[in-house]
Amino acid sequence: MDKLKELLKDYKEGKIDEEAIVDYVSLKPFEDLGFAKVDHHRRVRQGVPEVIFAEGKKAFQIRGILEEMIKSGDLPVLITRLSKKKAEKLKDLGIDYDEISRCATLGELPKEGDRTVLVFCAGTSDLPVAGEAAITARFMGAKVRSVSDVGISGIHRLLSFQEEINKADCIIAVAGMEGAMPSVIAGLARVPVIAVPTSVGYGASLGGMAALLSMLNSCANGVTVVNIDNGFGAGYSAALIVQER
Amino acid sequence: MDKLKELLKDYKEGKIDEEAIVDYVSLKPFEDLGFAKVDHHRRVRQGVPEVIFAEGKKAFQIRGILEEMIKSGDLPVLITRLSKKKAEKLKDLGIDYDEISRCATLGELPKEGDRTVLVFCAGTSDLPVAGEAAITARFMGAKVRSVSDVGISGIHRLLSFQEEINKADCIIAVAGMEGAMPSVIAGLARVPVIAVPTSVGYGASLGGMAALLSMLNSCANGVTVVNIDNGFGAGYSAALIVQER
Amino acid sequence: MDKLKELLKDYKEGKIDEEAIVDYVSLKPFEDLGFAKVDHHRRVRQGVPEVIFAEGKKAFQIRGILEEMIKSGDLPVLITRLSKKKAEKLKDLGIDYDEISRCATLGELPKEGDRTVLVFCAGTSDLPVAGEAAITARFMGAKVRSVSDVGISGIHRLLSFQEEINKADCIIAVAGMEGAMPSVIAGLARVPVIAVPTSVGYGASLGGMAALLSMLNSCANGVTVVNIDNGFGAGYSAALIVQER
Amino acid sequence: MDKLKELLKDYKEGKIDEEAIVDYVSLKPFEDLGFAKVDHHRRVRQGVPEVIFAEGKKAFQIRGILEEMIKSGDLPVLITRLSKKKAEKLKDLGIDYDEISRCATLGELPKEGDRTVLVFCAGTSDLPVAGEAAITARFMGAKVRSVSDVGISGIHRLLSFQEEINKADCIIAVAGMEGAMPSVIAGLARVPVIAVPTSVGYGASLGGMAALLSMLNSCANGVTVVNIDNGFGAGYSAALIVQER
Amino acid sequence: MDKLKELLKDYKEGKIDEEAIVDYVSLKPFEDLGFAKVDHHRRVRQGVPEVIFAEGKKAFQIRGILEEMIKSGDLPVLITRLSKKKAEKLKDLGIDYDEISRCATLGELPKEGDRTVLVFCAGTSDLPVAGEAAITARFMGAKVRSVSDVGISGIHRLLSFQEEINKADCIIAVAGMEGAMPSVIAGLARVPVIAVPTSVGYGASLGGMAALLSMLNSCANGVTVVNIDNGFGAGYSAALIVQER
Amino acid sequence: MDKLKELLKDYKEGKIDEEAIVDYVSLKPFEDLGFAKVDHHRRVRQGVPEVIFAEGKKAFQIRGILEEMIKSGDLPVLITRLSKKKAEKLKDLGIDYDEISRCATLGELPKEGDRTVLVFCAGTSDLPVAGEAAITARFMGAKVRSVSDVGISGIHRLLSFQEEINKADCIIAVAGMEGAMPSVIAGLARVPVIAVPTSVGYGASLGGMAALLSMLNSCANGVTVVNIDNGFGAGYSAALIVQER
Amino acid sequence: MDKLKELLKDYKEGKIDEEAIVDYVSLKPFEDLGFAKVDHHRRVRQGVPEVIFAEGKKAFQIRGILEEMIKSGDLPVLITRLSKKKAEKLKDLGIDYDEISRCATLGELPKEGDRTVLVFCAGTSDLPVAGEAAITARFMGAKVRSVSDVGISGIHRLLSFQEEINKADCIIAVAGMEGAMPSVIAGLARVPVIAVPTSVGYGASLGGMAALLSMLNSCANGVTVVNIDNGFGAGYSAALIVQER
Amino acid sequence: MDKLKELLKDYKEGKIDEEAIVDYVSLKPFEDLGFAKVDHHRRVRQGVPEVIFAEGKKAFQIRGILEEMIKSGDLPVLITRLSKKKAEKLKDLGIDYDEISRCATLGELPKEGDRTVLVFCAGTSDLPVAGEAAITARFMGAKVRSVSDVGISGIHRLLSFQEEINKADCIIAVAGMEGAMPSVIAGLARVPVIAVPTSVGYGASLGGMAALLSMLNSCANGVTVVNIDNGFGAGYSAALIVQER
């Protein structure tokens, strides 16, 4: 409210008129009260860079957004759910594309922080989702470590990562089918676990609903859940958790 | 078909007439062709004693059935889902009642077999279902061992039972909430695992559907599943699996 | 693995025999490899005090657990989902009972930490769940602030808490019906938001499933979700997030 | 019933015979009792022009209907869910095609009324549905204003349209994912809000069911809901609401 | 913003100090910027009187709210979902209670408007919901007419109300079971139809979901839908539709 | 339309005036055009006696309806879903009450027809539904035969009724749990089979949905299905099927 | 059992030996006890011709079956769910193909019976299912009449078919979306109504589940239901209903 | 633990150093403590050969795995869900491909055991799943017998296999649509029955959920269930059941 006080002082001194204060207070310019313009200042407001969800957008549309960002210096940018085909059409812009996670970044990533997000992936079919989570967290400044192929049917392999679990500041656990891995991991960990159900499975997996329900009903403490296949959401939240405040 | 041959011989020799054979062959007395009368001879046909599902039956009705069985010597008998209140009304018949599993037996149980059914129970709230499974399997002649409170959030406790797992001939794994325990156990075992989801949980457990779906989507091999809270079904199938053939 | 090396040295020197090492390595005493006995050492392993889920437990059972804990000095302890009736039966043990959240604690709570968990509650019917979250987080050492009655249909009231949002290190957002409040809050915050759907509502709220699905599909970044009515889970995870590491 | 009285008078006077009255009263020509023939007179009966739902109809079939309408002067006509491909095959008939909403109109639209339908659209992926709603309402004579990209995760942008909300006579709020926007808007408005869930989303959005349930459970007053992606239905009802009566 | 201008004038003239304006503008008292205090001024903001949803509130709590309202002159007030038992405890306050709809009002209702809301009720079991809708609409100033027992299995009875349909400005159609009545009515009407599914039915009615889905999929134009049993919501929206603007 | 012609003749001859015809033709008394008055003439229109669905009606309300029917001679009447408690309050009216099916009749039933409805009931818990079906069909004039306790797990018992199946003109098959019995029966029959799922079961029976889905997916030809526990509906349709036309 | 008697006579006379009778009676050739060989004698057993469900079968497989049937004189035959493409590959066999219903017949159809099946179809998109029902019923010997485009939103058009309804012996009502038409028709009819839900619709139609649930919950008497899009099942049952017995 | 004892002996004798034992015991190579390396020694641990789930894997990836297995002598291997197209690309490796079940094996199968798994298949569309079950069981050493086309609508054909049922040691029952066949078979058998629901069906079969629910609710004893279309899981469990222990 300091700015308002300044304005009031100016107003009393006759430097500005009544309307200037009314405008300032009215809802429309509310964003200027510290929230900035949506298009260019979101990074300022929420402290995070821009992200483009590519699914459903055409290559030329993504190109348009990217070009505007390059022009305004609004980098780095993360592009998720980007098909290989579209990625190839954007290659000349200098994007860095990861085929498995279908993510791309453009611009220099922020310096890696001190605290670690550990990403566990149950099966090879879950890798795209785990990759999206890892790249998102790294894009937002987190240090990321990844472990794959640690399903609960071979529990000893999973247990062999106890040391990595102990060192992590936040864990993302990605699993399809019965989605039980996050519960086991949370039982081994002292940090928050974000569970990501995937649509991997068939029949009664109901497109990932079985894994989702399983994770929501976890008997282990410290587990929160995101939408099916939402690697981005998990990476984003994990990065918020490990960010320095 | 030996009996038919006998009848045919009798018929040729004029001892019986044509109608006797037609009657014998016709659909109605089909049960006499080796399948026996339903009420008293089911044990002969399927090789198992009688079971009464008490839910929805009144105490006096159960008493009626039991008294007839006592009269015809059709013992032992198992009664499942029997409330404490009804059990008390039947005490004078000499039933052996277990309050936790809400099961009762009447008559001498068959001799314990050589092969073992191992019953794992995830939480204390799952005990009624695990108890029903254990009593049913024992009632059908299996040797039964039980382990409780081995949820997957404390995985090391579960792992400490590896030796028991190795000795079992069939495993029943009872769990509510996310229902992940059977998958972990199947990864440690070389014998069939029967998973029993329970209705323990709240919210998105959907009355046990979350656990059920989880078990059906198990990434571990060797897991089959029964209905929610169906301890009887699991115990019955386990006993069939370990029976001498 | 240092202990193993010591043992090996002792073994070579003839102080212990072969069996001692085999025992140490075998699965059963695995817990002694730093994981401790489940009953009394869990606090050591996961760094959190004990919690009793009272639903489905009888008063005398809870009393038994509490008395053992008092004896072993295993305090403080948190009891959730404790009905008023049961609480009254336990009053003499010195529990501190909160009627709205149906939670009780026994023993001195840990010192309040420096970082804040902010609990938003949409409607008065959601208060029990929000209270459970707040008490759980406080029980685990977090500083907790609560705001109630901030549904999204009166958005300006919610917006008036922007300052509190800015000061929080983690936010818990509790809402039933359409469950939209966490999305709005996440749009205003720079810290992780844990969304808790409640079973408040009727008809197509499907016992809280509508709110749960809504939260899982949040268009805002930084939202993770727990089970319906699971205030405890949210408080627990929030406390893990704000704990000093 | 005035017409019947006239006929009866004519009948008594011998101008018409008995059969004429029986015909008039019998069920078949019921439509002539003020409801008109279905094909050509529906506009008269319900006061609205004809609409063709193009999905599932082939281009030549739509052409057939349109040509008959042109011939009988039954214009204007609205065609919804018309693919670009089919639209091109009908270009020569003079249709006015909007690619985003996949709607086309043929013939002069009715004069714009005095009262306003305001269409809010949450995300760019929801634009086809919002467009269908806007075109339908305009086609039925309403004045339509549209605002896009006002998701609730950036609530201040939405709030900046308070003035538009105040001026509207009916609001259509189109949103996918968690579908929370209509609730926020209804809290800001004094007029009826029609919520349109879209199938935008993935995983637990369940093809739009999450948004639909969210809207049905709105904690804000004054919200009614239509089927998933049913922009037409919302536009139609909104136009009925703002029509002069 | 007139009040702000006044304040600014006062401020310039030295009548009030800077803090008074800051207080006025700051987010907390935001409601005073034209939105009023929630408790007492909501009527001003949205133009509607106060409503109390009694379900889950105790009689003494409702009494408390009512007494404050009486004191502040904030009448009339509508109380919905009020059980007969609670109503009796509040009788001395002078509430006007309707047993069927379980609604009560206190204070003089607004003058009946010129435009009509017509409430159709399919079966006698749907009467509580239809009653809630009727009372709510009347409470908000609408003229209300009601017709009961017009299920679609006796279609001619329903058709006999064509004249009433023609005279209505908005129709509420309340039905359980297959929920088809609103579609038939919308085919006969030229005004908006608000469909209210009820939980009347059994088995595959799924607590009203069958009726809800039926209404959302209506093949008739002009139908919007509210939550199961949400007579209040329908009455509220209908009153908004027929209000003079 | 014969009556109309008569009236017209009378009108021309001056026996009746214009208004009499207008009244006759107007929508309200439409029922007199061959459809009769709803209350008293429904039997005429659809050829069936009156039925009262007692669930949700109070004893005194049912008494009121019955007394009016007795007075107008509108007997026989069938009352379904009538609790024992209510039945006792109506005893003095002379109703004939069946405790298992919770049905009562009042008045002399129509003469038994020549064609037979055969009712199969899978388990003893399904008897109330089967009984409702049998009584309804008999009430409507059908000859009814019933067979109980013929679940498919003891298929030979079911097969022993081939002769009864061959003699039936329509079969009703009532089953809960997996609901497979109607499929087996339809494979043995040459007449229409009406399948009635019951809510008997637990867990994944989902209140009868499992049986309902099973019956809808029957691999046998000639099966149609009614709602869960809808014995009345099955009996009614079966009676229509066997009625002489 | 006549054949058995013959065999017994032959046996007594020494024409056949004991084994011949044992073979005849044993389970394998059970079909010869009056049930015939499945492939060729099913018509005899159930009194209906053969039907081929073409979906999932390749053209050459269908050809194989048809050629065998032609050879053995097992005609006529009905083929359902036959794509146009496959139909063209079978043209040379002389099949009679209907493109809308995707059904084909081969061989002379049975003489049309005296009793009528009336098929109502709600919308043009429902025509394939209605066509399948009509062809199936006709194939089985019923007289079939069809009426299309009689949705309930234009109720007067539907009412204009009262006379056809009165003449029918059984009615099939085919509808998608809200599936309400069968309820309206059953209210107008005195004969059994078979309701067929179709998958026509989108969003909350849930692939036809909305229509299915609607029909199962019909408030009208005399309605039974078949699976979504199961025109064949409806036609089959309707033909059984109208067959002479 | 024998290997550990050996190592200890070697260590005491100075043949190996301390580190060798630490390495052996440490968590990573934990598998060597009797559980073997995952890639090559799984057969040792669980007593079963390797299996590749081909769905979602590319031909070249499968080739890579197979070539490594051939090199290490890790045969036989089973490949499930292998499309014909991929199979052709692997032909040169010498795989034995079954087109119907889409399974392939490579290497000599284990000797057929003494005990029999009997696979029942309801319809021809269920053959791929039944085939997968049969090949899996055989691959694991079981003796397998198969019976097809024994749906319950032609119950006598199913009954004719009583002798085969009597001889089996474990039965797999594969069925889609209403999934009732396993219940009938379990009523005829004295051995465990594993029910496999298939996704065969349409409409209310809900992708196999109807069959799955049906099987879980079986009224027959001795039935356990696997996921929809999970022939592999059923074959695997059946082989475990009949294996010599």
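When the chains are written out, they are named A, B, C, D, E, F, G and H in that same order, and each has its own residue count from 1.
What we mean here is this: a residue touches a chain if its C-beta (ideal position, glycine included) is under 8 Å from a C-beta of that chain, and two chains touch if they have at least 3 such contacts.
Being a predicted model, the structure only gives us computed values, none of them experimental.
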Graph distance between chain A and chain F, where chains that touch are linked: 2
Joint neighbours of chain H and chain A, given as chain labels: B, C
Reaching chain E from chain B through chains that touch each other, fewest steps: 2
Interface residue overlap between copies chain E and chain F, same or different (over half shared): different
Per Cα centroids, the chain farthest from chain A: F
Identity of the chain that, by mean CA position, is farthest from chain B: D
Pair from E-G, A-D or B-H with over half of its contact pairs in common with A-H: A-D
Copies chain A and chain D - rotation angle from C-alpha fit, nearest 5 degrees: 90
Chain centre separation in whole Å, for chain D relative to chain B (CA means): 59
Distance from chain F to chain D - Cα centre to Cα centre, in angstrom: 41
Per-residue multi-chain contacts in chain C, two or more chains: 154, 159, 203-205, 209, 212, 216-217, 221, 227
Interchain contacts, given as pairs of chains that touch: A-B, A-C, A-D, A-E, A-H, B-C, B-F, B-G, B-H, C-D, C-E, C-H, D-E, D-F, D-G, E-F, E-G, F-G, F-H, G-H
Chain D-touching residues of chain A, taken from the complex the two chains share: 27-28, 30-31, 35, 38, 42, 55-56, 197, 199, 207-209, 212, 227-230
Touch list for chain H against partner chain F, complex: 122-123, 151-155, 159, 177-180, 183-184, 186-188, 201, 203-206, 209-211, 213-221
Chain A-facing residues of chain C, complex: 46-48, 51, 115, 169, 189-192, 194, 212, 216-217, 221-227, 233-234, 236-237, 240-241, 245
Sites on chain E touched by chain F in the complex: 124-125, 154, 156-157, 159-163, 202-205
Residues of chain E that touch chain A when the two form their complex: 1, 4-5, 8-9, 11-12, 18, 21-22, 25-26, 33
